[in-house]
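Two complexes follow with chain A in common, the first pairing it with chain B and the second with chain C.
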Partner chain A sequence: MPSWFMRTAVACAALFIAALVFIALAPYERDMGLVQKIFYFHTPSAWMFLTAGVVCGVASARYLANPSPRFDRVAWASAELLVLFGAIALVTGPLWARKTWGVWWQWDVRLTSSLLGWMIGVAYLLVRRYAGPGSDKLAAGLALFGIANVPFIYISVNYWRTIHPPTSVVPKLPLSFGVPFYLSVTAFTLLFVMLLRLRVHLEEQRARMDSLYLSLDE
Partner chain B sequence: MPAPSLGVSVALFVMMSTGSPVRDASGAAFPAAHQTLPQPSVMRVPGQLRLQQTPSAQKPPDGFEPISEIPPEDRMPAAPMVIAAYAFVMLAFFAYLLSLARRLGAVKQEISRLESELKRSGRT
Partner chain C sequence: MSVLQTIWLIVRKDLTIETRSGEIAFTTLFFAISCILAFAFALVREGKPPEDGGAGVLWIAIMFSGNLALGRTFERERQSETLRALLLAPTSRPAIYLGKLLGLMALLTAAELLLVPLVAYFFQAPMFRHPVWLTVIVVTGTLGFASVGTLFAAMLVRARSRDMLLPVLLYPLTFPVIMAGVRGTTALLQPEVDYALLRFWVQLLISFDAVFITLALWTFEPLMTDEQR
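Up next, the complex of A and B:
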């Protein structure tokens, strides 16, 4: 592991522990009760899922315009994080919905577009793994569809009839809900940055390994 | 009551099957199907539920509201969901970190093997 990793991991763990303490101390929501506490991990993971989609899309667009391996590494790393955080959002959401809405899943616009975004991420990884030479540019093109879907996922709840809470919930959070929530968002953001850097580092090491193989073959 | 004309019948059919407003000869819109037909029962969305039960009562809140206590019967069924959600998050992070560490370890091991091989062959 690189030298910066341990320091960041400790800071991240401390933030998560603090977030969990504040989540435990936070009051129950009037209508949903205990199950609303899923919100403190569900929403930050959904935000990181969207952030990963944006990072992957921007890095892919830059890679298509200027094929530098640096952009490709960032795009690949963020696609993996998109799948990770997307899976968390798509699993914790139904656990919350089962108690609050009475169903695990609803084919409404927010849930369906999120699932589509996650599937684009999975498709990106499958292309990178199995499509052979040229898969980097093919996957970069796919990531552009992913980034186009991100604003649609975010604003969909405000324009279509849906049972998912609108985006106005978070800005109006009372302090007792806001403190654990923003602490959790900070922990998730730090974790996202740490994992992104670590994943990019892995790709750098793979590139180094490839150059060593070439040196041996010469 | 007189029977509706063919035009009105078609308009009503289109309106009820598509939900889009249909206009008569004077340009006035018929009410949309979802405004005239009985609404299906909604799932348990707190705000909407309260609105349906008491149409003239208070406006539903558009944000979260704290409460100091909830009945015990409401607490227990939620606990497995909350525990499952938090456990899944922790497991997912742990599994991904483990996967990254394993991949990184394998690559670094291969790099050191290749470097020593290059050193042996004198091609550093």
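Up next, the complex of A and C:
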């Protein structure tokens, strides 16, 4: 375990507990009631999902321009986080939608493009696992094309008229909703950074081990 | 040799092989027809096709048969060990990409010349009411699909389990193009065509094409370099 891990893990757990307390204390929203509290998890994980996509795309682009293993490891780690946080967002979203829209799923542009972005993440992991030698560049190309989708995800809701709540809701949050929301966002961000660093660290150790094995053989 | 000459040489080479053997053209065409028939059996009830079903069936058939053709064009280069020769040729890599893309477009256009009448026939879709608009939608949609497909098919040539991975990569990346194609074609098949809507989908298709082709041209060079083997 790297030395920073325990400290970050404790801080992250404390933030999540604090966020949970504040979420429990937060008032009920007038129209939606209890189910609105899903947003304290749904929105931050959707943001982390987008962040992971951007990190993966940027790292992949840099890897293509300058093939250093560090960029490749960051891209791989963030692709895994993209699938993880995307799964949380894609599960919590329909839970809310069932209560509010009356259906689990709508082929709304933002939902559709999130699903596609998530599928590209899964395809990325499949390539990494099954394509054999050269899969690093293949996956980097895929990520680069995938990131071309990200702007569509974010802008689309303001562009096409859809039933997904617009992004302009967040800056206008009243304090009672805003405190637990931003606490939750901070907790999710810290979790994201921690997992990313841990995953990159793991790959570095693995590469070191491989090179040690190789030197043992010689 | 100029870039245009290289592109033309590659297109001519692929089309010459194709007219002599007919391998990809015939198998793709037959597969496309089987696709349409499968959809006709599944969806047409008591002689009545589902409402607006034609557009969807057309694009799914294009997607599936395009996938088949893509896999084969580069598989042939690999089997006859000519991919290395192609990459060693003292020309720019983007020219090779564009040559391959144009050859594939020619193949897929040939397939579509058969697919569109078949869909019109089996699904009672008025495909030929606005031939110019239909051509624009089909060509821009196919270009978007083929531009991504050519890049990934070329990259997958050296990968393990490439036959499985091509659709895994290609479909999520090209769903937006297929979606715009289906919506555009559906808009075209309505009794009263909403031209604003139609123009919107065509613009969307063109912007997808521009983004995908630019990205592919930019990444083809670094992605096809083969330093470790």
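The working rule: the second predicted complex is superposed on the first by the 218 of 218 C-alpha atoms of A that agree within 3 Å, B and C clash if a C-alpha of one lies under 4 Å from a C-alpha of the other, contacts with A are read in each partner's own complex, and residues count from 1 in each chain.
The rule is simple: contacts are C-beta pairs under 8 Å (C-beta built on N, C-alpha and C of every residue); 3 or more make two chains touch, one makes a residue touch a chain.
Bear in mind that the values here come from a model prediction, so they are computed numbers and not experimental data.
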{"item": "Which superposed partner A:F145 touches (first chain B, second chain C, both, neither)", "value": "second"}
{"item": "First (chain B), second (chain C), both or neither touched by A:M32", "value": "first"}
{"item": "Partner chain(s) touched by A:L216 [first = chain B, second = chain C, both, neither]", "value": "first"}
{"item": "First (chain B), second (chain C), both or neither touched by A:K137", "value": "second"}
{"item": "Touching partner for A:I17 - first (chain B), second (chain C), both, neither", "value": "neither"}
{"item": "Which of chain B and chain C A:A123 touches, first, second, both or neither", "value": "second"}
{"item": "Partner contacting more residues of chain A (chain B vs chain C)", "value": "B"}
{"item": "First, second, both or neither for A:L202, with chain B first and chain C second", "value": "first"}
{"item": "Partner chain(s) touched by A:A65 [first = chain B, second = chain C, both, neither]", "value": "second"}
{"item": "Parts of chain B lying in touch with chain A, wherever the complex brings them together", "value": "42-48, 62-70, 74-75, 77-79, 81-82, 84-86, 88-89, 92-93, 96-97, 100-101, 103-104, 107-108, 110-111, 114-115, 117-118, 121, 123"}
{"item": "Touch list for chain A against partner chain C, complex", "value": "64-65, 112-113, 116, 119-120, 123, 126-127, 130-135, 137-138, 140-142, 144-146, 148-149, 152"}
{"item": "Complex interface listing, chain A residues touching chain B", "value": "1, 27-39, 41-42, 45, 84, 87-88, 91-92, 95-96, 98-103, 106, 163, 166, 168-169, 172-174, 176-177, 191, 195, 198-199, 201-202, 205-206, 208-209, 212-213, 215-216, 218"}
{"item": "Residues of chain C touching chain A in the complex", "value": "148, 151-152, 155-156, 158-162, 164-165, 168-169, 172-173, 175-176, 179, 211-212, 215, 219, 222-223, 228-229"}
